[in-house]
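Dropping the structures in below, format is structure tokens.
Across the two complexes that follow, chain A remains constant while its partner is chain B and subsequently chain C.
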Partner chain A sequence: MTNLFIGLFLSTLITALLTTRLYRLFLWYGLNSIFLGLAALEQYKLLDDKALLISALLTLLLKGLLLPYLFKLFALKFHTERNIPPKIRLQYAILLIPAILVFTFYLINPILHLPGKNYISLSIASLFLSLVLIIEHKAIFAKVIGFLMMENALFLLGMTATEGMPMLIELGIFFDLLMAVVVINLLFEVEHA
Partner chain B sequence: MIYTLIHIAVMVILAPLFLSLIKAIKMWLLFKKPLPLLQGYNDLAKLLRKEVIISQEASQITRIAPYLVLAPLLTALLFMPPVTKGEWYIGFVDAFTLTGLLALSTFFLMLIGLDSASAFGGIGSSREAFISALVEPGMILVIFALSLIAKNLGIAEAAIHLNTHFPTHHLASYTFAAIAFFILILAENGRIPIDNPETHLELTMVHEAMVLDLSGWYLALVEAASAIKYMIFATLFVSFFSPFGIGAPFLIALAIYLAKIAFLSLIIALIEVNTAKLRLFKVPNLLGIAIIFAFLSLISYYMLGA
Partner chain C sequence: MLEYLFLPLSLIFVLSFFDVQKSKKYLPIISSLVLVPTFMLLFTPDRHYWHDRLMIDDLNKFVLLVCAIVGIAVTLALESLRHHVKISPRHYRRFYRFFALFWIGMILSVTANSMGIFWVGLELATLSTVYMIKTNTTPFAHKEAWNYMIVGTIAISLILFGIILIYASAKPSLGEEAMLFTALKSHISRIHSAYLFEIGFAFVAVGSFIKMGFFPMNLWLANIERAAYYPVAALFSGLLESAIVTGLFRFSSLAKELNQSHLIGFTYIYALLTLFVVAFLIYRVKDFMRLFSLSGIEHMVLMLIFWVSGGYFAALLHFAAHAFLKPALFISTGVLESRGKYHIAGALKGYKGFKGRLFQILVALFMLAIISLPPSPMFFSELFGFSAMIDLAKGSHHLLLMLFGILTILILLSIIFYKFVDVYQTMRYEGEERSKRVYASEVGALVLLALATLALLGSFDFIEKIGG
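After this line comes the complex of A and B, so read on.
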């Protein structure tokens, strides 16, 4: 089942890359986080690591449900432009996205001996893809979503590479995220004024 | 043998029923009085009674092509995966044969549109060429990904293998293939995000524009062909992506199969009610997404299926 959830995680990320509507982007981000949380739950069942359970539940609740809702509230509050056409046209994205996926698959060949090497390559691919999401948009909301997706990819990387990330690191990342959201809110205020 | 014949006959006979079913569900959801499920047959019967009028500009092609639109699709029906284990099937037919047959049918449909020398026919043909050129790579990629998952190039054998060995290790790849194939069903059958089969508004129509100059028996042939095309795609979809119930006895298996197609029709009707038609120049975006998912399905077979 981890297989399916990580696949869906990747597919929501790619759909987010191709979308042109702001609220749709929030929806894809929420689904992305939910699938990540479900994958973490699966991993928890496998490893029986209590810290992973807390991380998974936090991911599901905070990132999957709360953050998209908050973003929608922000977008409503600041009357943001809801049409966000990507800078990279779809014709190029069709070539770029598979190229990134195949590239990272070869990138991790030196660490072939690790058990979850395919998941590691996928999470590095997700990092690159979220970078693409950041650079292909001009709108600040899309950049923020790209940043958060990058954080999701990091969580996936930590979870699969180390077979259960230490709770402390995950909490640290969550606090960073919280700070980032506060800073972003300030940014919106500045942009709005 | 007899099961195979019954299966093919059922697919041919019930094809207009499912298109009427989609339409009826849509009308019901829009609080209209739904049309009777036999409306498809009534339309065909009406067309058979009418006289055939052919444009002065048309050449022999208009007389020949409707048969050649229908014939490749009827051939493709022979290659469908079986509904039950006891049934005979043709095992060696792969993605290229099937896609080629469908493309042949589309080619003659485009010729009909061009042959009547009306401006609408030309518009319809060019749009159809545009859409089906984008559908085919996706279709081949999807069926190859499925062949990889099922470890068999033949379509029918792949479907049977999926029934006996459900791909729990390749679920991601399998899901992507399903998403891509579903978009292709919508595109290739002219359902709503791509083309609206119910309007005759010149700016939007694709399929209707090509058959605008046909009448009577020839129009009946082309309409039957579009119903059978939907049946082919639906059969492929349900036998690949819900490969259950093949083990049952023939009649039960057939009933399960028809129920699955009715369910697929319900989903398509729900999508049609809830979405607006895409602008023509946005269509490549949707089909591009289908191609990406098909490619992703191939890649993730290697990447996730460790």
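After this line comes the complex of A and C, so read on.
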């Protein structure tokens, strides 16, 4: 099941890269986080690590439901443009995405003996794809979603490659994420004041 | 003792919610209180706190002292900020609030033994900086605050990604202790997958390089420092970059133990590319802020290559000298740009009275010290640093290639040297003389930083002990 959820996690990220509508992007981010949270729950069952359970639930609730909802509220409040065409054309994007995936699998070639090697390469690929998402959009909201998807890639790596990071660090990351969202909101407030 | 470091900063944070016009005279005194625990830590043996997650060793004692001096100088200079720029009392309060948070984040990341805490501190400092940039209410500053938010968080995320990979590489043999710098250092040979560690280090390094404005992100930091009020630039160069460099020193020491040749190759190529771009950007620069900002990148490059080449003393001396000189120059820009940002000609003319003359002399000395003219501490650090690089080249299998690299660095540095001398002469001998006003608080800040720079010349033994 973990493989399935991680596969779906990656597919939502790729779809987000190709989307041209803002609310759809929030939806793909929410789904991306939900699949990540479900994968974390599967890992919890496998490892019986309580910290992973807390992180999985926080991911499902905060990133999967609350943040997309908050972002939609912000977008409505600030009358944000909903059409967000990416700067990279579709034909180039569909060449770039597999190239990134192949490159990251090539990158982990020397560590093929390690457990979770595929997850490491998928996490690095997700990180690069999120960077592409940030680069290819001019709209601030799309950039912010790219940054949050990058956080998801980090969580995927932490969960699969290390079998769970220390709880304190994970909570620190969640705290920082929330603070980042507060800062983003306040920056929007100032922009529209 | 470590916890006392946070007390004065928490007090500044609390005071920032009240009428800062009344309390701002006390703020430099409150920030000076940081020196008490910092000095006491200097004379206490190395210690670990909070289940080994924080630590006090020779390196971070030194960095904390440097940062405390810079922090106090910036608090002093903040007193006269409203004379040079238009700032409302509300934004003034906000600046102090996020300045205190920024400093707390910086202390956390400098004293961190856990890589995770190092990252959390850095993130706290990064997010609080967004608000300090936003105290300037111009559209340009607003745009740059967004840029900082996006690029800064990308850099921070890359660092975290690298930390997770490093943790993953060592966890099978060290367990949860793989998060600690000290555990990694003492059991480096037991690391399960050196390749994974190296990928992790590359991510940490690239994230840190982006934060410091290395290739290919050379201009983003300069633009942000241009957009923000000048004390933000002083804090960047004195505190934030110190925290990042300290972290990078620790990570590179680990990477060096694993595979020195990979580390040297990676760092030298990156450093050369950065220096190549920066030297020409400096050559074309037209305002003080960008000049000092780009020169900051040049010095970060030098510190890093001195450190990875084994010139620990040179790197630490260069680090401290830069941490004092660059904030001093950034604080001076408030006065130097009083006639507009592109008026370099005659910028060092028109200062009357004792304060004015002192300001003029100090800025002239800082300008000459930053290009490593003797007896600047930077002259000695570059002397020892380049010696370390040549020693490394002599012992390597790529002698000619490394000597060519060193020669290229020297040529690029000479372009920067020429530009600074040209700017200094334009400031001193060209342009019209117009009366300018200097305030006691900023002169006080410059005197403090000048004394600290002079004290470095007498602290070689102390710094050498840390490097050793």
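The rule we apply is simple: the second predicted complex is superposed on the first by the 192 of 193 C-alpha atoms of A that agree within 3 Å, B and C clash if a C-alpha of one lies under 4 Å from a C-alpha of the other, contacts with A are read in each partner's own complex, and residues count from 1 in each chain.
Everything that follows uses one rule, which is that a contact is a pair of C-beta atoms (placed from the backbone, for glycine too) under 8 Å apart; a residue touches a chain by one contact, two chains touch by 3 or more.
This one's a predicted model, so the numbers in the text were calculated from it and none came from an experiment.
Taken together in the superposed arrangement on chain A, chain B and chain C fit without clashing.
Residue contacts after overlaying the shared chain place A:Leu90 against chain B, while chain C stays out of touching range.
Of the two partner chains, neither chain B nor chain C is touched by A:Ala75. By the touch criterion stated above, A:Leu133 is placed in contact with neither chain B nor chain C. Contacts of A:Val102 after superposition: chain B is touched, whereas chain C is not reached.
Number of chain A residues touched is higher for C, counting chain B against chain C. Within the superposed three-chain model, A:Leu10 lies in touch with chain B and out of touch with chain C [touch as defined at top].
Angle at chain A (Cα centre) between the Cα centres of chain B and chain C in the superposed arrangement: 150°, in steps of 10.
Of the two partner chains, neither chain B nor chain C is touched by A:Ile145.
Minimum Cα-Cα distance between chain B and chain C in the superposed model: 18 Å. Here chain A touches chain B in the complex through residues 1, 3-4, 6-8, 10-11, 14-15, 18, 90-91, 93-94, 97-98, 101-102, 105, 117-119, 121-122, going by the rule given at the top. Taken together, the chain B residues at the contact with chain A in this complex read 169-173, 175-176, 179, 284-285, 288-289, 291-293, 295-296, 299-300, 302-306.
The touching residues of chain A, counted against chain C in their complex, run 107, 110-111, 114, 120, 123-124, 127, 131, 134, 140, 143-144, 147, 150-151, 153-154, 157-158, 161-163, 165-166, 168-169, 172-173, 175-176, 179-180, 183-184, 186-187, 190-191. Those residues of chain C that touch chain A in the shared complex are 53, 114, 116-117, 119-120, 123-124, 127, 130-131, 134, 142, 145-146, 149-150, 153-154, 157-158, 160-161, 164-165, 167-168, 171, 176, 179, 192-193, 195-196, 199.
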